[in-house]
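We call the chains A, B, C and D, going by the order they appear; numbering starts again at 1 in every chain.
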């Protein structure tokens, strides 16, 4: 475990923030306060955070429809996110994006993406920019198990290999693409094996285990920053909830879901590891939990009160000039 | 060599017909008698013929922009093809398709395709139809080395594996995609290895050698017809000419091209093999050459005299009903 | 006749055609759902439940869940059609056409012409269109003008459960590639729908309100809103004729021209940004062929030239509303 | 000023901008050519030679040959632009948009709006359009209406070498995603082109012939044909004003309306099938905003509602010709 106490606290803070944020989003959605489609990340926190702990604001990530976790892991402001998801004028994207299009370019977050397979080509472009500018930054794309079949993703990987770009492809295998099992949709039943055939180092890790993800990503980032080209990582961790908030989840059994939420919780696993190894104390973690709860509470409170955008905002922000 | 004398004659006839047909097309194009873009297949004859010898009219093929060879190998009428390429009203497609869109659905030829990566999804659909109808027919798609990178191709392969369809993916590695080498554009430098990762049997064969192609295809077809699912074959054989007729070919050296045309000619290789093994006599082959030369001559003559389509043809054939 | 929702009407059309013709099959992501999962089969029945129950009757060989690979789906649909099936593909959100458009517009739509009239490609592509779900820029578009533009495609946009059933049956029986666009805000709309199968021919407009002062042309959800505007304006003494052409390609221009001949005025409502829209298309055809009847400028009511916004406050301003339609009608009548 | 071909003008624009700004780079299939081959570098310089010579000056890090993966190319272009470069992608034939449209219309075009005005995506997508090459259904389209329709995109269609250079420089300097459409039949067209760099602003039409009887609006190759028709009709005593708006989005509607105010008559020429075309778009805008000036129906001269045919005899009938344009002008003037 080559990671110091401050970093462990930061990792836990981010994972817990994702969880708390999403639990609140779920509740607010159920209450009718959040419009549109919302896809929750709970259960997969170790993937986003294990990956993004290695990244600075200069590094870029491209995300999916299930983007809250990636945003928070990348350091995007939670309050602005909440306002955006509530559709408010002072949200991160002025209320024009919403959950599926949250972006924060200053943080290197190139956007959630409501098109499955949308982000990998974009991340390859960002990696190209880094290489051309002679920077040592990297670009990361997140794709689901379902999305791993999309043609755009394969094209992006090939291009990254051809140009030897500092791009890292994360495949988040959470068991399902909507209501379809990954073993059905991925003909080879081996996402990362198929990826390896594209000619880049590719590893599968336990996506519930922050440390496993963190280690694999560390290697991929070192490789990319030093000109060693692209890599891929498959993180395996089931989502706790449905595809979207409101999904009746008939394709899962109650037992399987309960088992998952009980045995596969990345936060519990993290807490156990760091307290067992006496790296952090339960008290430290509890204190963070409280802090985060307050932050999320305040964000939701202020979001609910913030004004909506109005007619004057409808036609702005389409072009820089027109 | 599990192939009888009649079949050998048929194979030679088809390979020679492709060569003779294309030599004539080249000459007619240079003379200004053929409009549009024309892509020649010379040098790759053993690929199309080795593959299509196993197919009946009930089996389907989907082709590329370089489709003459596939058509002839599939048994499409040479005269109608020539008329089409000349843009005449009695051409195979009424002059509406041309070289890049020749199709003959009665022969199971689903069309040349001017979109790189266009055919594999179509072939998968044809394979699905065969399976659903309970027929034992198969569907084959041809793709180039350049096209092997296209997302649509990867998607099609995955789908064929998921649904275990009688689809066969032929990758014709002729060294170049336009003016780009395949080792550059295929990041893994291993087309068929990358394909194997999709979860189907995949073999690379010498695409100059009819017998090698024929053997590999035999196995793939048996597998497909008996419900064993999809396969892939990479046939390696350089094209003799440029990407299109008129290509100055600056990306090749004169020596390389001469060497290729001298040492890698599938027709010469075939002739040597069958005469060495005393399966066919030079006289038999020469007789076929003569027959084919006459056929091509007659086709070109009649094409040059055939009438063009006119105003009454412009707006027909868009819909069945409208 | 029984009251049925648009969703039920569509489901019934699919079921009846699948019973009638074994060549009809359904392809799409989660058209059944539950493949490779521990839970139930038929867990989704399509993203918004239209195909629910069909896998139970027809099995997974005819209701086929697909990986998230729209190019492969559309291509396989086209290939299967060329090879003698009559597939109905579900593209889910129409916004996804961007990842598979080649198979639709360069392949399926062009086969017949490029192959000299010898190809028959009987396929239906169902897709959900439209705003109102607060789904943002990539899940709220209509995109019907992009399909209408393409020679070789037919484009259907039903506005009632009755039409939805009859038009979908026609689409399945039709020998050409058909894009069938379902407004996602209309699935729960109720209406009278006969139990038996019936087909509504393409290219025949429905005059849903007769009137004498102004002609309003609108499709899908906008047809409903145009009817509401007409009802509203009747109280103001304005007599509005509302035409729902039901299919954008072929388009029943004759009915529109006949109406404009009577009214002299035209408003076209289109849930789409304005440029190269269906509103523009119809306005232009009338400005060419019905010019002498026109007493006033042709007005269009469309979305602005912006992507679809997420926030409810913006989306409500974005989509043509009954108020905006009524205002345009008042304006054109005052000329 | 020196005479240069359209091809040279475009090449010069790229070269000068690449010299000026190190963030400008070129991505596309065979934009250099020869990668991984035994023969020469720069073997293609783009399918029709527009980028020839640039790899020699700027190297393979700035003139990048791409695998045949248009979604990756367009996505990488958009991603690179978001990350601070100013890429110029070569899509080759515009017909290939079908395999990469999502990255153009759902991604690049929408970033700025969806991200609340915070994204800047300065990218140019060059593509070859149009008929005349006998290239058949999948290599002869123009497809500019599909781009014009999309909020967030700018669309350029130059008709002279002079305009081509100035508009391409503007496109590269522009902060929004720009589709730059080059008619493949015009690369050898010669014209006066200044040696130094200059930018032509978007949204400013060029009145290429002044006239009083009828206004003709046309872009790209059709602008040339419209000018020829105007010259022809001058001899018949018909005074034609020809407007080439040069960009379809933004569109200089004011210049068109001013002209129609004078002439009272409008013909729009568009190398595209008619439905939801740019011809329809412009006709509709004039039918709304210039109605009171109109003395006659607005006529469109377009391709028919069919795919592009291969045979020369059909393609010549398919594309709007000088004769068909002249006939439409005569017709509208006789009213």
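Of note:
Note that a residue touches a chain if its C-beta (ideal position, glycine included) is under 8 Å from a C-beta of that chain, and two chains touch if they have at least 3 such contacts.
Keep in mind that this is a model prediction, so the values were computed, not measured.
When you average the Cα atoms of each chain and compare centres, the chain farthest from chain D turns out to be A. Centre to centre, using the average C-alpha position, chain A and chain C are separated by 35 Å.
Between the Cα centres of chain A and chain B there is a gap of 45 Å. Centre-to-centre, using mean CA coordinates, chain A is 39 Å away from chain D.
Across the assembly, chain D contributes residues 67, 69, 71-72, 95-96, 98-99, 102-103, 106, 113-114, 136-138, 151-152, 304-307, 309-310 that each touch 2 or more other chains. Multi-chain contact residues of chain A, defined as those touching 2 or more other chains: 93, 95-97, 101, 113, 115, 149-152, 155, 158-159, 162, 184-187, 318.
Taken pairwise by the contact criterion, the protein chains are fully connected, each one touching every other. Across the complex, chain C is touched by residues 60, 62, 91-97, 101, 103, 105, 110-111, 113, 115, 118, 120-133, 139, 151-152, 155-156, 158-159, 162-163, 316-322 of chain B.
Of all residues in chain A, those touching chain C in their complex are 35-37, 87-89, 93, 95-98, 100-101, 113-117, 146-147, 149-152, 176-187, 249-253, 256, 308-311, 313-315, 318. The touching residues of chain C, when paired with chain A in their complex, are 29-30, 33-40, 42-44, 47, 65, 67-69, 71-72, 95-96, 98-99, 133-139, 304-307, 309-314, 317-318. By the touch rule above, chain D contacts chain C in their complex via residues 71, 95-99, 101-106, 109-110, 113-114, 136-138, 145-146, 148-152, 249, 251, 273, 275-281, 283-289, 291-292, 294, 296-300, 304-307, 309-310.
Interface of chain C with chain B (complex): residues 25, 61-62, 64, 66-67, 69, 71-85, 87, 102-103, 106-107, 111-120, 151-152, 154, 174-176, 203, 250.
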